[in-house]
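To keep things simple, chains are lettered A, B, C and D as they appear, and every chain counts its residues starting from 1.
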Amino acid sequence: MKSPEAKPVDPLKRRIHTIIFEADTAAGKAFDVGLLILIILSIVVVMLESVVPIDQKYGHIFDVLEWVITALFTLEYILRIYSVGNPWKYIFSFYGIIDLLAVLPSYLSLFVQGSQYLMTIRAIRLLRVFRIFKLGNYLMESHILIQALRASRTKIIVFLGAVMTVVVVVGTTMYLVEGNAGSGFDSIPRSIYWAIVTVTTVGYGDIAPVTPLGQFLSATLMVMGYGVLAVPTGIVSVELAHADRQAKLNTISCPHCSREGHDEDADFCKFCGYKL
Amino acid sequence: MKSPEAKPVDPLKRRIHTIIFEADTAAGKAFDVGLLILIILSIVVVMLESVVPIDQKYGHIFDVLEWVITALFTLEYILRIYSVGNPWKYIFSFYGIIDLLAVLPSYLSLFVQGSQYLMTIRAIRLLRVFRIFKLGNYLMESHILIQALRASRTKIIVFLGAVMTVVVVVGTTMYLVEGNAGSGFDSIPRSIYWAIVTVTTVGYGDIAPVTPLGQFLSATLMVMGYGVLAVPTGIVSVELAHADRQAKLNTISCPHCSREGHDEDADFCKFCGYKL
Amino acid sequence: MKSPEAKPVDPLKRRIHTIIFEADTAAGKAFDVGLLILIILSIVVVMLESVVPIDQKYGHIFDVLEWVITALFTLEYILRIYSVGNPWKYIFSFYGIIDLLAVLPSYLSLFVQGSQYLMTIRAIRLLRVFRIFKLGNYLMESHILIQALRASRTKIIVFLGAVMTVVVVVGTTMYLVEGNAGSGFDSIPRSIYWAIVTVTTVGYGDIAPVTPLGQFLSATLMVMGYGVLAVPTGIVSVELAHADRQAKLNTISCPHCSREGHDEDADFCKFCGYKL
Amino acid sequence: MKSPEAKPVDPLKRRIHTIIFEADTAAGKAFDVGLLILIILSIVVVMLESVVPIDQKYGHIFDVLEWVITALFTLEYILRIYSVGNPWKYIFSFYGIIDLLAVLPSYLSLFVQGSQYLMTIRAIRLLRVFRIFKLGNYLMESHILIQALRASRTKIIVFLGAVMTVVVVVGTTMYLVEGNAGSGFDSIPRSIYWAIVTVTTVGYGDIAPVTPLGQFLSATLMVMGYGVLAVPTGIVSVELAHADRQAKLNTISCPHCSREGHDEDADFCKFCGYKL
């Protein structure tokens, strides 16, 4: 999350840069809070527009609000490009693309109908919220979470691969068993959809087995899924405990070789044997 | 949970205070048990009143019971104010407000219809149950639970923020995909409600996708939610293990070798054999 | 699970006792396996009798089988009383009562209709299965499980108490919000039933909110339940890890004071300071 | 997963063997990737054939594709038998049987209708995917997962046994309570199916209690299942943490103080500073 921009030299540019890109000054913080409120307001407007009775009553207010917010976001985007040291680097950075995608749908909606719903992509802009709390320990915590998820990546992929194979085999079997029972198992893809709904314990009930054999098979799948549900939890728990310990413990550095990462009960550096 | 009141000097006041506010004497314990039974009875009455056939048959008995209980609660509230050293401190304490809210709805129901249902706020008074078991280890255990939840607060907030962003984006996408399929995705807020129902694996089935693309997207959401369900569990497990260890290990460090981490029942240092 | 009977002296009694109560000899093991098959057969018969088309076709076979099994169980029960050293102790022990309850329903069904379904109580007799594997490590494992559950008892009670309070308050609120919407929230007890179905993520969908406010409240309950689901898992994980470690580690006993339960990294006895 | 074949001496055989059975050379890797694509294509074809409107439109293309793929798989199977050192060992190995089962259904479908659905057994062939990543750490991770699941086997069996007993008893009770309420509890097996759907928190809602007593009983079952859901998670977490630690710690004990438990990257003993 290192800021991808170099600081500009021009005083006006620098001032705008401090306000827009940083959250350490009072003005910068106020700007960020205002931006967050605008983003949330914009998402609420898109949501309410989709509710037919509300839209019929307040539709014109929503239209005005929508264009005011889009204008402000466009201004912000232009100012960002203007004030940043290396504009192209910003434009193609993660946040740069998201900022552009936040204003594009409004302009597109003039030509293409329905594209205004793409505006919910603005929800991703809410990630900026973490910048305000930068001084707090939220960043560290989210860093631990991401590290734990990254460390469990290979295990989760292996696990999901195994689950997917089971889901395909069970889905096909259920199609053969329940296909003619009129219970919704109309095709193999739909049966696989049912198997996923079941194994994740969501269980809508829009498709449910009615034959005794189908019910027996799905009960077996559930009990299996029940035991198996434990596996990703176990994986993440273990990695989280590990990441947490890492974050908490790497404080002592060896006075001889300056290396870190020693265990809590270590008396001697594990790399050079020097007494800690 | 420290008692917010100073002890009164007047012997009658002190006696009432001992009975009502403490649970160390036999009379105090009997009072607390009686109070608990009254609270549960009162909640049961409110519940049964809402079942139409039962209310038609026993409605008048419920009315009498309700007013008897309210009278007793009012008396208790007055006695608490009378016997406590610093009445205002009690009135504005957490339990003081709950005690007032426990009797207010009954009186309000004389003027405003429907307000008697607010009485279920009495359920919160059940928290007093912990006072009876004060001598047991329930308090310590709930302390560990609260400490673990507090320690995982920032991680859980970061996690819920990420989940909410996904839910908003997926909900909007599903509105676009399923909006015209007559399957209940009538508006974006309703689609987001569906996404929450799905990602938490509740899965009512009142709204369920019917188009192949919608079913594919929701299957993806489920599998994601499946892996992600593990994260809060992992967080709480790790913090709980930590809080538990903290509570169990004593904080004595060996006077000879200064090492820590001894068990609670240890008499001698496990590293050098020196007497603790 | 210590056997509640003293060994008889009479050789015939002792022989029967060895076969029926123990599983160390070939005859005893064969007896136990036969018993298990009989129990499962008996449960399958009761199940199939409840399926109308199957019962109409094979009802008479089931009746015969049922009485044969009951006769065998009765014989077994009498032999147990005969061969055991202290009959009354056996009769009032856990297994003694279960063994009696396994035959009573059949005789009762001669007089009271419907009581034959009580026979599924025989399922509990399946617990005897553990005796066969007594030599294996199943007993140790189930001991660890029980110990972990017992250790987490107080925490789980505190947790369930908190969840119940939330469920009562939310259930009542939903009754007030959805009561007149015709969506199944007919009474407070039924709304509490809905709240339990939701918070445990079962989600039948037989009762589901239809008003926007009701859907918003239930979405909040789900997200809360989602975070909270983690708590019992965390509790049990921690206790299980603890019980597991205990079971694995208490092998070294102090050569001086013979006490056990030292940590893996202990060099000196924590009770008497003697070098391990 | 050791390759069950001896290497052949004949240069052509050896060349084919290297390509087909190994993934270390560029040709071998290309072959494996091509094979995976063919397998996935073949599964997709079987899936799409089951969707009636798609099959009506593209049915003949699917037929051609199906036979081309079957021909290629047959050729591959023959080449495997030809190039392997010990053909019988391969034919009766796990992968040998799967490879045969992958082509049999197509030929069978000439005689027996419906047997083409058995082709989804090809999904199991996807397990070969792990061979491509052989050089990565996927194998190690899946090894850890399998080891953790194997270590928790006895505990999971004990646990599932207990859950099954509860499910049978509760299912029968619900049949007695709800049997005549027209809510789907038609027979004991179906009630047990409902109990499994409930205790695993899947909750389709195709069968749901309607009587107050039935709803009370099922709410109790849910709360129990809620607490109990934690147990397998706890078991797997503990074993996974154990397997993970085992895999990460090296087994070197210090030559000076004989202590173990050093990290994998440790060069010096962390307890006495001696070079490992």
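The working rule: a residue touches a chain if its C-beta (ideal position, glycine included) is under 8 Å from a C-beta of that chain, and two chains touch if they have at least 3 such contacts.
All values derive from a computational prediction rather than experimental measurement.
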Problem set entry | B-D or B-C - the one linked by more C-beta pairs in contact | B-C
Problem set entry | Chain whose mean Cα position lies farthest from chain C | A
For this session: Write the angle of the rotation needed to overlay chain A on chain B, where the fit uses Cα atoms and the result is rounded to the nearest 5°.
Result: 90
Problem set entry | Copies chain D and chain C - interface residue numbers shared by over half, same or different | different
Exercise. Whole-Å distance, chain B centre to chain C centre, using C-alpha means?
Worked result: 28
Exercise. In whole angstrom, how far does the Cα centroid of chain B sit from the Cα centroid of chain D?
Worked result: 40
Exercise. On chain B, where are the residues touching two or more other chains?
Worked result: 189, 192, 201-205, 229, 233-235, 237, 241
For this session: Report the residues of chain C in contact with chain A in the complex, numbered from low to high.
Result: 201-205, 233, 237, 265
For this session: Would you pull the chain D residues touching chain C in the complex into a rising list?
Result: 154-155, 157-159, 161, 165, 168-169, 172, 175-176, 186-189, 192, 198, 201-205, 208, 210, 212, 215-216, 219, 222-223, 225-227, 229-231, 233-235, 237-238, 241, 261
For this session: Write out the stretch or stretches of chain C touching chain D in their complex.
Result: 43, 46-48, 50-52, 114, 117, 120-121, 123-124, 126-127, 129-130, 136-138, 141-142, 144-145, 148-149, 156, 160, 163, 189-190, 192-193, 196-197, 200-206, 229, 232-237, 239-241, 244, 265
